[in-house]
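Quick heads-up: structures coming right below.
Here chain A shows up in two complexes: once beside chain B, once beside chain C.
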Partner chain A sequence: MSGPSTYKPSTGFEKWLDERLPIVRLGWDSFVDFPTPRNLNYWYTFGGILTVCLMVQILTGIVLAMHYVPHVDMAFASVERIDRDVNFGWLLRNIHAVGASMFFLAVYMHIFRGLYYGSYKAPRELLWILGVVIYLLMMAAAFLGYVLPWGQMSFWGATVITELFGALPLIGGPVTEWLWGGFSVGNATLNRFFSLHYLIPFLIAGVVGLHIWALHVPGNNNPTGLTAKTSNDTLPFHPYYTVKDGFAIVVFLVIFAFFVFYWPDALGHADNYIEADPLVTPAHIVPEWYLLPFYAILRAVPDKLGGVILMFGAIGVLFILPWLDTSRVRSMRYRPVAKWFFAFFVVACLGLGWAGAELPDNKVPVLGAIGVDFLLLGRVLTLYYFAYFLVILPVLGFVEKPKPRPASIEADVLGSKKSGDAAAPAGAPAE
Partner chain B sequence: MKTIHRLLAAAAGVIALAAPAALAAGEYKKPEEHTWSFEGPFGTFDQAELQRGFQVYNQVCSACHGLNYLSIRHMGMEGGPFYTEGVAPNDNPALQAIAAEMRPIEDGPDDFGDMFERERRVTDPFPSPYENEQMARSANGGAYPPDLSVIVKARKGGTEYIRSLLLGYDQEPPEDLDIRTGNYYNPYMSGQVIAMPPQLYEGIVEYEDGTEATPEQMAHDIAAFLTWTSEPHMDARKRMGLMVMIYLLILCGLLYWSYRQIWSKVEH
Partner chain C sequence: MTDVNNTPDSGQDPSRRDFIHIAAVGATAVGGAFVIWPFIDQMNPAADTLAEASTEVNLADIDEGVTVTVMFRSKPHFVRRRTQAEIDEARGVDVSSLPDRDARNVNIEAGAPATDENRSALTAMVDDGVEVDDALRAAFLVSGANCTHLGCVPTGEAGAYDGWFCPCHGSHYDTSARIRRGPAPENLPIPPMTFISATTVRLG
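Take a look at the complex of A and B:
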């Protein structure tokens, strides 16, 4: 979609610069003139929101790091000092902690959007894969960051997660000790986690650059899943999408600010305000809410190694998704059957999160009467999670009869009566 | 709207079904509801209440519990129990008097290399009741009285939990519960058994402001004080929140209006 550049340097300096480093041209072509489908809905604003989230985390994080002390004897106290004595330290810490949750909220919206509109399909496979890489890096950054305040959940969360590597046959033990830098989670672990927590967001920023580059070659997908063909299908990014994204970002910031100023500890765990104590195991070790579905998958398997494999598999399967979905129709808007499986997939992910938060033998409300505990719920939903990618999407592509699609984005927007059937019959590779 | 109400009612029903199950597991009792001046988006700390709470801490709790993350001067910061407008915390006479009455602090080394004791100043930390954890445990029959600086954030139920816990010693223990000597039944504590003896007896404190020191009053005041120690900037947080919210909502309105304006010329 990136056509010939329309940038015209207007001043002498811009011309001089353009002949040497066409950076203004790049910005112009990418964020001003960039042709964008005219029918993008609010689900498409999360990319911009995510960019804001990343910048917020990096900026607050850099200042927090100026005051934080990565030492087992001082980390907890230094965080308390930030809250009490550093000017606006309480604000920075609230923003950074709430920001992590908001970042994940946004990324989940962004990912489900991609799943629904088939944004992972050709020609956007690499764009999708880069997204999954970002998601993996985000999880690593969040996990490492949660260890830094050195509360009880920090310490025990780090212990549980690093010990997972001990499940690897033969190399498990040495690998875990290598990760720890000792024989248990300790000062060496905290130091390296701090170093990596500072590093990863910049890796994410790099991959986001690639992600947007890969987006700007085929251009945005859109709710119809149809490829933009003429200029009637698109609008220049600026001012149409700068203002729409801007509005969505501010709405998002209102929710963000609500948590920062009125409910800062809602998303955290009380135990993390107790300083880490290697001799006292908390009654109930749970990860942050955004990692709970994976925790449920991990616990669904009675065997530790099996659980670890399945947990990583749950993300691994996203990498090959573009080749698992056999349907030629991108958007689920025109996939009457897949749509329902997708809706249940969303429910299954929420249910897995719930199962991850509860003790496995607690009974599920209502269903508990017939003996369903959270372990069973987690198992059933884990099964569905994998079935969705490995069975349902591959098979549906062959058996589902898609609904007729409009002839073009323009036709869809203008409500044209022209049936798209002729233009894009089911199964035609034309999209 | 109706469907939303119905959904909410159904959700409430599900939660109500889940709640008795949690209690039946025999873990602990939910803290009692209580009203606080600092509740809600506009609530602020009540200074008289914080001062009384500090008095309870100073005369009762400080025998066993520290406030390691606080210095005395913190109490003179805006929103704190002894804040006086226009007076820097370090120059606050009330705090200077409080500091002078506390245990002396070890300082040094001096020019000859010796450690020495001197009067505690406003800029010094609160005194710790014990030298180390071992000493604390041996003085308390093996139990460790936790530091109270962030206790409200460190316990589910927060302020209400602290209040209920301190008043919760008067209830009959279940017959099957094994309570060893030196331990007390308290249904709000996780495990329902606590090693801290009941603290708030009628008249254990005589309030400087003349308020009658009933156990309920003391529990209320100390819970409020510990909420303040856990988050001394709460008032500032809410005040700034209001400004930020107003700013963002106006910006939101402007952007929405611009959005409608810009998009009004194209079908989408």
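Take a look at the complex of A and C:
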């Protein structure tokens, strides 16, 4: 979609600059005149929202690092000092901590959007894979950052996650000690986690650059999944989508601010306000909410290595998703069977999060009466999670009869009734 | 390579030039590996961390039915004086029914069966000239306190086997700190221990 540039330098300085470093041209072509499908709904605003989230985390993180001390004896106290004594420290820390949750909230919306509208399919496979890389880096940054306050959940979360690598045959022990820099999570671990936590957001920013680059080659997918063919299918990014994204960002920031000012600890865990104690594990350790589904998958297998493999496999399967979904129709709007499997997939992910938050032996409400505990619930939903990618999507592409699709994006949006008749026959490529 | 290079008087032997290229690239690769290694190895435990410490525990301070948690080589360890009922319970278990039949005890030969006798302080070494009451040694169980699943510290006197219960992922250990149920793969390990007096044991 990156056609010939429409940028016209208007002043002498812009002409001079354009011949030497066409940076204004790049910005113009990418964010002003960029042709964007005219039918993008609000699910498509999360890319812009996520950019804001990343910038908020980097800015607040840089200033928090000016007050934080990465030492086992002082880390906890330095965070308390930020909360109580540093000017506006309470605000900056709340924004950073709540910001992590908001970042994940937005990224899950963004990912589910991509799953529903088939945004991972050709020619956007690399765009999708880069997105999964960003998601992995986000999880690493969130995990490392959660360790820094050096509370009980920090310490024991760090212990459990680093011990996951101990499940590797032969090299497990040396790898874990290498990660720790000792024989348990300690000062060496805290120091390196701080260093890496500072590094990763900049790696994310780099991959985001690639992600946007890969987006701007084929252009945006859209709710119809059809490829934009004529200029009637698209609108310039500015002002149409700068304004739409801007409005969505404002709404998102209202929710963000609500948590920051009124409910800052709602998304965290009270045990993290107890300083780390290597002798006592909290009675019930859980990760932050956004990692709970993977925690449930880890626990679903009664074998250490098996659980670890399955947990990493849950993310690994996303990398090959573009080749697992065999349907030639992108958007599930026109896939009457797949959309129900998708809806249940969303429910399964939420259910896995619930199972991850509860003790495995606890009974599930209502279903507990017939002996269903959270371990069993986690197992059933883990099975569905993998079946969705490895069985349902591959098979459905062959057996499902898609609904007729509109002739073009323009026809879909501007609602000409007869365009439905011109729809491609079922099973034909979306393009 | 062109014919020009193959003529004897050109002075440029192609195989010789190839060798120089390969050798240069090879040397760069090996040199690169040497440069990378310090950046990887710096994350391994430092010399002061590696300096092994030993920990001494005064058993006379520990009453029957009490567990003391001590730090040994930066990891917590349980030292428990078990009641007779707990010892009997641990001894009454058929080793072949255990998920992990290995004693996991560095004080005795590797792979010894996980009987309670092979797990308790009966296996501790005794310094020359020191007399230790066998009943006392049988009562004491010293083990690592990090669950062999993912390293949490299990809760004492809990679980389905009256030993320890790990709150993280639901592993049950018995009164000999052997894994009985749950995701943990191994029994809690027994550290090296030596009686240096009738009531003092040194770990390490």
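By our rule, the second predicted complex is superposed on the first by the 425 of 431 C-alpha atoms of A that agree within 3 Å, B and C clash if a C-alpha of one lies under 4 Å from a C-alpha of the other, contacts with A are read in each partner's own complex, and residues count from 1 in each chain.
Note that a contact is a pair of C-beta atoms (placed from the backbone, for glycine too) under 8 Å apart; a residue touches a chain by one contact, two chains touch by 3 or more.
Bear in mind the structure is a predicted one, so any value in this text is a computation, not a measurement.
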| item | value |
| --- | --- |
| When chain B and chain C are modelled together on chain A, clash or fit | fit |
| First, second, both or neither for A:Arg84, with chain B first and chain C second | first |
| Which of chain B and chain C A:Ala266 touches, first, second, both or neither | neither |
| Partner chain in contact with A:Leu414 - chain B first, chain C second, else both or neither | first |
| First (chain B), second (chain C), both or neither touched by A:Val217 | neither |
| First, second, both or neither for A:Ala283, with chain B first and chain C second | both |
| Angle at chain A between chain B and chain C, C-alpha centres, nearest 10 degrees | 70 |
| First, second, both or neither for A:Pro365, with chain B first and chain C second | first |
| A:Arg192 touches, of chain B and chain C: first, second, both or neither? | second |
| First (chain B), second (chain C), both or neither touched by A:Ala122 | neither |
| Distance in angstrom between the closest Cα atoms of chain C and chain B, superposition on A | 12 |
| Contact residues of chain A, present in both the chain B and the chain C interface | 283 |
| Partner chain C, residues of chain A touching it in the complex | 156, 159-160, 162-164, 166, 177-184, 186, 188, 192, 278-285, 299, 301-304, 307, 359-361, 375 |
| Parts of chain C lying in touch with chain A, wherever the complex brings them together | 40, 43-46, 49, 69, 71, 73-76, 145-146, 149-155, 166-170, 182-185 |
| Chain A partner contacts - residues on chain B that touch it in the complex | 14-15, 17-18, 21, 41, 68-70, 74, 146, 149-150, 153-156, 190, 230-233, 236-238, 240-242, 244-245, 248-249, 251-252, 255-256, 258-259, 262-263, 266-268 |
| Chain B-facing residues of chain A, complex | 38-39, 77, 80-81, 83-84, 90-91, 94, 235, 239-240, 243-244, 246-247, 250-251, 253-254, 257-258, 260-262, 264-265, 270-271, 273-274, 283, 362-363, 365-366, 368, 413-414 |
